[in-house]
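Letters A, B, C, D, E and F mark the chains in the order given here, with residues in each chain numbered from 1 onward.
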Amino acid sequence: MHAKKKIEIIIEAPALNGVLAILDRLQATGYTVLPALAGSGRHGPWDEAGQVTSAGRMVAVLCILDATRLDATLEAVSAYLANRIAIVAVSDVQVIRGAHF
Amino acid sequence: MHAKKKIEIIIEAPALNGVLAILDRLQATGYTVLPALAGSGRHGPWDEAGQVTSAGRMVAVLCILDATRLDATLEAVSAYLANRIAIVAVSDVQVIRGAHF
Amino acid sequence: MHAKKKIEIIIEAPALNGVLAILDRLQATGYTVLPALAGSGRHGPWDEAGQVTSAGRMVAVLCILDATRLDATLEAVSAYLANRIAIVAVSDVQVIRGAHF
Amino acid sequence: MGALDLAVGNLLSPVVLFFALGVGAALARSDLSFPEAVAKALAIYLMMAIGLKGGVEVSRQGLQPQLIWTVLAGAALSFLIPALAYGVLRLISRLGAVDAAAVAAHYGSISAVTFAAALDALSRAGLGSEGYMVAVAAVMETPAIMAALLIARRAAPEAATGSVGHLLREAGLNGSVVVLVGSFVVGWIAGPAGVKPIAPLFVDLFRGLLCLFLLDMGLVAGRGLSRARRFLTAPLILFGIGMPLISAAIATAIALGLGLSTGGAMLFITLAASASYIAAPAAMRIALPQAEPAIYLTLSLGVTFPFNLAIGLPLYLLLARSVSP
Amino acid sequence: MGALDLAVGNLLSPVVLFFALGVGAALARSDLSFPEAVAKALAIYLMMAIGLKGGVEVSRQGLQPQLIWTVLAGAALSFLIPALAYGVLRLISRLGAVDAAAVAAHYGSISAVTFAAALDALSRAGLGSEGYMVAVAAVMETPAIMAALLIARRAAPEAATGSVGHLLREAGLNGSVVVLVGSFVVGWIAGPAGVKPIAPLFVDLFRGLLCLFLLDMGLVAGRGLSRARRFLTAPLILFGIGMPLISAAIATAIALGLGLSTGGAMLFITLAASASYIAAPAAMRIALPQAEPAIYLTLSLGVTFPFNLAIGLPLYLLLARSVSP
Amino acid sequence: MGALDLAVGNLLSPVVLFFALGVGAALARSDLSFPEAVAKALAIYLMMAIGLKGGVEVSRQGLQPQLIWTVLAGAALSFLIPALAYGVLRLISRLGAVDAAAVAAHYGSISAVTFAAALDALSRAGLGSEGYMVAVAAVMETPAIMAALLIARRAAPEAATGSVGHLLREAGLNGSVVVLVGSFVVGWIAGPAGVKPIAPLFVDLFRGLLCLFLLDMGLVAGRGLSRARRFLTAPLILFGIGMPLISAAIATAIALGLGLSTGGAMLFITLAASASYIAAPAAMRIALPQAEPAIYLTLSLGVTFPFNLAIGLPLYLLLARSVSP
């Protein structure tokens, strides 16, 4: 197994395309977007049922990448997220088939 | 980056509000709820397609918090979950913008 | 709390049943399947809106298990995934109620 | 129509056939599945259609004096059936107190889809009914849940969590009750003329969309059955078929006393005989978490619902005929 | 019909009653919720139905010379209302420049569901309208967003992100605009005969499905209100009710100049008076991320939308009558 | 109607126009998207409507002796077309054996939505058809998948995973086959009188909901096209248009032999010419995981489906006319 980094970004839906564009630009080897149902934070609670538009909902982006690419990616993402509603967490993972990342 | 703890709770949907009420009461800085599609455990398998009500489905709660709040949170959550269908896992994460947590 | 391993498998939907059958066969104590909305990888981008069938979408399988079962599980899963579209990541977690796993 | 015609006509109605298709597909392990979001929306639609229909009827018929008695009788029935069901279960099965109380809650409460299927059966028979039966249905959802909680409190004090007041509030504001009662009031206020422009959706499509919903219910019931077979002991299956008959018998007597029309009596009997599979399961997971959900869900959805749909409805219509003026 | 009849008839229409039911359920904290996927599909359906209707009208009426003037007037109105709204907000409320600009965008843009409700109100009043009003609606979605961005750029240069060109492209290809315009063209090409086989869905069910959608809108608006109450200061509530009236007054004058029919004038006034709650919020999150979304969403969906639905529509119909030939 | 009238009438039908709208929106990169859950429910609805229609016809017409021959011919065609398609692909394109076999499976199997569009085209032309064509459609879904797997086994033994038996079971219990056949049986049992109360949903709304579904199909096809353009070499595009024509020619000859009515022949030809995009892709991901999904999905959904919809259907009607009594 190969040690990699996992970035989790929880972000408001309208800014998703912006984040993905950054990952694409940095040639991240891949990412997956997961839906969220509800949540709460400094901006108060939200939930899917309270939405008539997706502008207020969050999605989670999961990106597994090599540690060597971590800093550049976080830097670019942080800059974009400056004023946006988002949280970013990084953790350690081991992958099989390391050549994919 | 700042070291934090991530709690993941997989819980039956009817008990979700109870868990969130606890997190709100303990003033967790935030949490996000993710949907699940299917699963299996000691109570046997379930899946979304086999539901006419949400009583039998699971959701995942994700809560990133400071290590100093971890024990109190886990204690309160465990007490509530005593007889309920749920699993709880904790892991280490690094966050950017640590002031949020 | 008890140290366990968490396997995350992101896999194309048509192969999900195959993976779950392996987990069932190995008597994994449990797993949960989460939906994904979109993603990108070596096979190019995909998203839920671009699907008329679930053949092209991904789902995430989450399985928390004891370290003693990790190798056997990964081996069986890797063999099945050989030619399939999938990524597998493993990380450390702590669980409460360790008897469940 | 004689009894046999009724029974056969019911079995061959698209509503029952699509339910059977769903059960069959699930038991054959087909991958057919109905998206949960659409099923949920269909359930809301059915409540709206039922509520509107009742409200329009009431705006046409005016408030009848039986209304208040029928509502009270329904509430009492919903509160008392669980005690009976609990007694029967403890007598004939090996269920523990908590599981028995949880099951009992389901049989006191009602199934709105069974109610909808009863309306469909009445249409086929060309019968109308008292519009306020919708209000009776709404009122019968909750008392059974309270009763079961009280039973569990006595029998296994440590198992019951959550306060009765809290639960009462939750169950009373339950989505399906709110839509049912709300649409009833909308129909009442808007009246026949106001509802006419929305009749193509809420009247003309009712039976077709009921078929769609029952296909999904069949899939869910079939899947539940094949997964939870091991919980279905002979005494429990007996209970799942016998209990609706007991409730139906009691309700028939009450309907006679209330002087309901044939249609109204049939709906009242159906409500008593039907078992909840939405409101009660959710409430039980909160109030009695130790109770095994597979037991009550499988009994209610896998045994009693199909029984009521296929055999109960024509039977209840016969019972209703026998006691109505 | 006199003004009072109109107002009461509107308040008692199922469309308004179901919206009220949704708001009430949300404020009472019922767990009722409408699946997001179905709400999204319903929104697409409503756009298709509106577009087709307009297109078929145009294919019947031929292209009228007013079309071009009405479209231009709509675009100008959408572009100018934000400046006015921004001024009013800065004058009467304590909103900062960025928040005020973001709110202003919503009031220049339009709400397609308010437009749909206006069509429903016209049906009830037995009035037709110019088919091309659909094109006017589509055209009015975007200019307000540009205007607000330009305002924010001047007032708080550091807050505005993203290029105007990029945003213009996004907003112009916004799903609802595409469906509205696309269906308009389909209706135009296919004509009355071509659209007839699909009329059972797009014509007969329109008002019923609008009720379903408004139940959901009520739930969402009610939930938003109870969560974001603290943002709703008295000046903002005043703005949420006063601004549509100001816009309506301006639009009434323009409608007079354009010589629109009663129905057409009513739709034009409604468009001006309505506030966006889909296109504008998404655009603001991208272009002005610092603006607090709870403010503009709550104002638009929680104050202005209910006001327009319950009180605005009959008022705008009266205004339209007063200026049409 | 002459050939040109037919072709133009088809191109201007709402069904085709909404598909074109979807493709256009996707290619213009609009963010318009149809919720997956609703699309899935619509697909189930379409299968139910088609199945019911066929079943009711059969209950009206009685069992005709051609039924058995047509079903057998359909199965044989589905099993044999892949061999032909595989040969053509290997001859004219550079696809490897596994990719070619996977593509071939799609062209032997059928597209239920193309079938639905063919029914719509027959309605427009005022033509009926043999009810049992629904059974033929169901029967043609699976043999092609088996055939392709056998071809791949021979050509690239290491690439084919999973047993034929397992796959046969999966494909036979495929949701769409189950709903199609099940609804066919329901329609047959219930007959015209039983189906009447649900006709407002399953008959009156069929063409409107087909438009909704085709809007979504257009979006998906357009998105697939813009993402997978690089896979679409000239020989593959040629195949995507030529193969349906070859299959149609063969089917025309068979239809002549079977003595089908014009409508029945047109449906039979359409089935042969259509390419699967639901059952086959899922089966190929399981049985031939090494095959690149973008190739077969893009060919089937992005090339052949639009071709059949826009140009194929009127052509197949002409072919059918030429061979029917």
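Simple rule for what comes next: a residue touches a chain if its C-beta (ideal position, glycine included) is under 8 Å from a C-beta of that chain, and two chains touch if they have at least 3 such contacts.
These are the chains along with the protein names UniProt gives them: A, B, C = Nitrogen regulatory protein P-II; D, E, F = Sodium-dependent bicarbonate transport family permease.
Here the structure is a predicted model, which means the values were calculated and not measured.
Enquirer: If you take the chains that touch chain B and keep only those that also touch chain D, what is left?
Expert: Joint contacts: the list comes back empty.
Enquirer: Could you work out which chain's C-alpha centre is the most distant one from the centre of chain D?
Expert: Most distant chain from chain D: A.
Enquirer: Just grab the chain with the largest centre-to-centre distance to chain F, centres being mean Cα coordinates.
Expert: Checked the centroid distances; the maximum from chain F is B.
Enquirer: Examine where the copies chain A and chain C touch and state whether the two sides share over half of their residue numbers (same) or under half (different).
Expert: different
Enquirer: How big is the rotation, 0 to 180°, that puts the C-alpha atoms of chain A on those of chain B, in steps of 5?
Expert: About 120 degrees of rotation relates the two copies.
Enquirer: Hey, how far is the Cα centre of chain B from the one of chain F, in Å?
Expert: Spacing between the chain centres: roughly 45 Å.
Enquirer: For chain E and chain F, let me know how many angstrom lie between their CA-based centres, rounded off.
Expert: 40
Enquirer: Indicate the residues of chain D shared as contacts by at least two other chains.
Expert: 33-38, 200, 205
Enquirer: Out of chain C, which residues touch more than one other chain, so two or more?
Expert: Residues 34-35, 91-92 of chain C touch two or more partner chains.
Enquirer: Can you identify all of the chain pairs that touch?
Expert: According to the stated criterion, the contacting chain pairs are A-B, A-C, A-E, B-C, B-D, C-F, D-E, D-F, E-F.
Enquirer: Which of the residues in chain B end up touching chain D in this complex?
Expert: Checking each residue of chain B against chain D gives 12, 14-15, 18, 43-45, 48-56, 83-85.
Enquirer: Enumerate the contact residues on chain A facing chain B in the complex.
Expert: 8, 10, 34-42, 47, 58, 60, 74, 78, 87-92
Enquirer: Can you list the residues on chain D that touch chain B in the complex?
Expert: Interface residues on the chain D side: 33-34, 36, 39, 159, 161, 216-217, 219-221, 223-224, 227-228, 277-278, 281-282, 284-286, 289-290, 292-294, 297, 301.
Enquirer: For chain D, which residues are in contact with chain F within the complex?
Expert: Per the stated touch rule, the residues are 12-14, 17-18, 21, 24-25, 28-38, 120, 123-124, 200, 204-205, 207-209, 211-212, 215.
Enquirer: Quick one: which bits of chain A touch chain C in the complex? Just the residue numbers, please.
Expert: 1, 4, 6, 20, 23-24, 28-35, 59, 62, 64, 91-97, 100
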